[in-house]
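Next up, some structures in structure tokens.
Look for chain A in each of the two complexes below; its partner is chain B in the first and chain C in the second.
Coming up: the complex of A and B.
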């Protein structure tokens, strides 16, 4: 047996570049054709005029950043993400801790809370309309309390309705992630702390939560990913031009696309893509320095 | 005692989570005249407030019969949806499984950068990739065909992210044991990777089905011809035309999604704890 050569190759990092390429290439070609290469064209267009295609420098970017609709949509989108993601993470963690404390019989609750993610948006649109219409269920409820009915989707409440809808749909999936993390924790440390006289809150914040941190990256990324999908609800309920409080970047992009403002759209797409790229790099850095 | 309180809290929250589904199902059996009187204030703008009873006055299956026997366009859209979702999922698996395997099990230079790009692409909302997609589809003359939906979606990097975590969780020893038997990387992938990573593959399939069964933005942008639209985009249009079958149609659209979900939900949970991007 020639053990030695194998030993040497283990010392320096072994690269499987050729084999890896065989596996990745199909996907890479697809991604290249449909996104990466055309995106280079989008970046080029973001510096060109819409009509004649002449180089206009940063003009499109200046137009976009001065555009009132863009300001409103960015503000709303950022607000939505900043409100929703922490809310979703905390609520789903609380639920997971509750469900986990049951030990037995918690399977049923997993299914119960996961189910909303399977319900198609188109199926619930009618129901949402009936609930949030001026003459709808919610207005009927507050009228009983002596308040005037509200046209919810055309008020500042619209934003919060989207938040609620996002939470309803996504809380179960996140909860399952937390639960998976919770089941891998060792109980002996927890029990030792209990013997040492640590109370429930101390054990939670000092022992349980720190061990769950590795799960946070995946949970945050998936929560962010799903936060962009509320556009479906927003669009199907309120159409292209909803109430100002829920006018998102997705609406704006859609409307610019319809009116063929490719120059502005290219600049805005480049901006949003850069922000997402920076965000993901930042998240990655944060989590890598954790351990 | 504490357990009881927890159970009560969870039960109340579950009811809240389930209420919409219950209302839809009970509503689908409501007789048409009952719908008109209870939902009239919202849909026909009659006086008063809408109500949505928890139980219909009596079970009426006529809306179901009407939809199933008398609405050819509904079925056309239903098949349109399947005709997009199934090829998308097949494409995602063919492209995604080997890529996810490579990210999870091979060492090569540039892997980290490439994987970061893949995650960033997965996070891009449709509206950002819409223009690049549009430019290519226009060049390929695929706009206004179902391939304009299928091809870009098949290249999505999301299933790779999902499967990666499951492939990564397969113990090294298990793979090395096989590798010693002289199997090359391809046989290892097919005989070890795919069977052991099956929960991840099913997870990706379930999430993919729910995603594309729900598709709104893509067909809205790339398909002008309404007869090619999937159900998810067409359904909201039924409401105004025919209230009686609108709720029934909502329920029927829901059935495949729920079935797939029930079939695959245990796989969504297993292997999920392997997070992060650890090398």
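Coming up: the complex of A and C.
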């Protein structure tokens, strides 16, 4: 009589694992076939010649690290991430707090801020051309102020236009995540602090934000991954070789594939994937320690 | 209960996964990868139409019509070497005898458009422009007894595409506009059938090609009333329609021979355009007929020479090829296509699929997507066997080992002087050659003899222009166009060994362009305007208003025009654009072989055929000089004979007296063409960037230094990749 419950409790987790595996299996197979296995092949190729498959050691990595185009693309990509992600997090959080405070009408605002995500990239690109072309709306505007027209996408402004576009498209998406976090917070704690005499800023920094830390990890990782998608806009508007300031790693990867530089492409892709993985693990570690 | 439910659900999920995996595998094996179809293990079906070329009478220079008689004999009407109208007959299509007809001398010397025979042996002839040469259409009826009657057609038809005599003597005529029945006695219009281009009479019906290009319409022969419509997409004037005794209809066009079985709903392609004349890019279908043995199709090449092929059904011929290859080209190349047809004619057991990267205009595929797709195939080891490298990253393909070293086939051709060494040898990298041009063009400067002696490059021209400010070197040319013309020649001067731009040298190039360019010239000319500008440039050079005119020579056919211009100028000459004192040429139709091809020997044979005399001497109007020595000589000799002449009609702002260049001039041109040894630098992306970044300099908003810096900055990443 004493052993039976023990026997059940030992078997139950095993059975759950099997069932869990069964449910994960279809997705796992898909990820394995379409992502993991190809990526393993990319890692293999990063140590081989482009087409002959001969082992070349770390030569491809040395070539990549000495490549001026890789340096420029990495610099631009890092600059883009460093500028965009903090801005995106702060702006989306501010908007989320604002929308959250509008108890009744916040649904309308949520939809409005999500609207940019629903606009097809091709339409966004068309919009850019109308606005930022040398003969576009923006140039027409500054011409009226007596200034010379600017080919915005072929000037140093190109980078900041790309940043603005990224923020415009993603701020609503992140705001929804923040709002999800905000709705889980207990109002009673906030009310208790208010009764104790804490002002709005103190309640935000001492009560609300600390409780939103778990959301920060998810939002940061998603923002990081989404930041790579801005390539679509950059590519569609400026092609394979845009202005120097918006020449991203994806441009380089795309162009290397065009010239069949698979060796360099594989090495660079491995480097970038490793950096992203390390970054995510670091964020996770930080989050866990905060937790 | 719950556990049971979980197990069922888990089982279902595993099942779904397994099924989806199976489905994936199944669909992959059935599909063609990147448009390349691989031979499978299906049993080979026997029975196929076989093509046989009919050797036409040797004396005949220009054929008008080939008619297959009911008894199996053939009659050919045409003009002989003395430009005399002649009639030849043959029982077997191999040996010909000239027939004497009682009427041949009575039809006059006017150019005959078409000839038909009726059941009684009466011959009907239609003439270009009619008897009076004023556009009035006349048809003559020549009887066996030698009498020739005029039939004055009521309408002015100008060009008759097809003609047929009905048993009652009436004549049905197809033109670009209509299909109409006329009286065989007085030429009076009797019935209009609608449709155009062609027709076939089937008993009491007539089937005509619909003018909208989407159907064949059956009408009542007597009343013209529409009775039945048979859908067929893509009809045009290149289609010929014929019918057999059973009432089946055949459409003959560049897709092959398509059969409609009477009272059925669909068309069946019985002769596919591939390894036959239908697939030949330089042949145009001019006539088709059917007899007991099969089909007789007349084609015409670009020089107007007729070729007749007979298609007969051979039940013992395998329907499918035993070997399949794929040839990839970004854009269609007629000469390479011709080589494919020629090889397949010689080797019917081999099928060669042509994969067009950019497809036709309707596909909307851009170059980048096409190259990406090709690279994916190459990476997967399933790329095409033969690659036409024009527009593709050749250097990268060579560096990555994609291409096969073709030295074993090219070296013997060079040793035997079969190929022009000056054009082919520069494609060697040490002792290996991965791509070989099938044709080439040469950018030439025409004009003032003294200046040509003094200057060879854009920089030297600019220096001369600065020293002689009262003279205009080139006719109104935009900076953009000048960059396009001179960039491929000068790039070797301002690119360093790492491929980066040398600022000082590039600045000099830009300043030279600025000196020579007409700042007022519009930079966005339409192709038609560009063409007109070329004419004007030649005219103004001929009158001495400008010193030079440039032209990328694509064939001997332009020589007469430029020869006329420099003769009129009196002190004229020409020479190729040069870099480091070496004449520059542009290779075209550069062909290579995929190292991973499973059919390397076949691929090599195809390359050899593409470079061989037979294919290279095909007249491809203004498509480059050929690299085969004998074919090049042939091109030159055809030019001397004046067979192909281009550009006689000009805008004539300053009319030039047209002269025919003599043998000496052609020989001189051939020498110049055989002296160029430096392939032009080709990089479309770099060219686009330069044009984009230097606009500011030419419109005065940037200095040369700033433009150079902008170009260097903009191209740095590209050139570093």
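Of note:
One rule holds for everything that comes next: the second predicted complex is superposed on the first by the 274 of 291 C-alpha atoms of A that agree within 3 Å, B and C clash if a C-alpha of one lies under 4 Å from a C-alpha of the other, contacts with A are read in each partner's own complex, and residues count from 1 in each chain.
In this text, a contact is a pair of C-beta atoms (placed from the backbone, for glycine too) under 8 Å apart; a residue touches a chain by one contact, two chains touch by 3 or more.
Note that the coordinates shown come from a computational prediction; the quantities given were computed from them, not determined experimentally.
Contacts of A:69 after superposition: chain C is touched, whereas chain B is not reached.
Residue contacts after overlaying the shared chain place A:26 against chain B and chain C alike. Shared-chain residue A:42: touches chain B; no touch with chain C. By the touch criterion defined above, A:17 lies against chain B but remains apart from chain C after alignment on the C-alpha atoms of chain A. Of the two partner chains placed around the shared chain by superposition, chain B is the only one that A:225 touches, whereas chain C remains out of contact.
Of the two partner chains, both chain B and chain C are touched by A:262. Of the two partner chains placed by superposition, only chain B is touched by A:277; chain C is not.
After superposition on the shared chain, chain A has more residues touched by B, the comparison being chain B against chain C.
Contacts of A:52 after superposition: chain C is touched, whereas chain B is not reached.
In the superposition on chain A, the residues of chain A contacting both chain B and chain C are 15, 19, 22-23, 26, 257, 262. Those residues of chain A lying in contact with chain B across their complex are 13-17, 19-24, 26-28, 30-31, 33-39, 41-42, 95, 98-99, 101-102, 109-127, 129-131, 133, 135-137, 139-140, 143, 149, 168, 171-173, 176-177, 179-181, 183-184, 214-219, 221, 224-225, 228, 231-232, 235-236, 249-250, 253-254, 257, 262, 265-266, 269, 272-273, 276-277, 279-281, 284, 287-288. The part of chain C that touches chain A in the complex is made up of residues 3, 6-7, 9-10, 13-14, 16-17, 20-21, 368, 371-372, 375, 378-379, 393, 396-397, 399-402, 685, 689, 692, 701, 713-714, 716-718, 720-721. Residues 15, 18-19, 22-23, 25-26, 29, 49-52, 67-69, 72-73, 148, 154, 240-241, 243-244, 247, 252, 255-262 of chain A are the ones touching chain C in the complex.
Interface residues of chain B, counted against chain A in their complex, comprise 2-3, 6-7, 9-10, 13-14, 16-18, 20-21, 23-24, 27, 39, 41-43, 45, 48-52, 94-96, 98-99, 101-103, 106-109, 111, 114, 116-136, 151-152, 154-155, 157-158, 160-161, 165, 185, 189, 210, 213-214, 216-217, 220-221, 231-233, 235-236, 239, 246-247, 250-251, 253-254, 257-258, 260-261, 265, 268-269, 272-273, 275-277.
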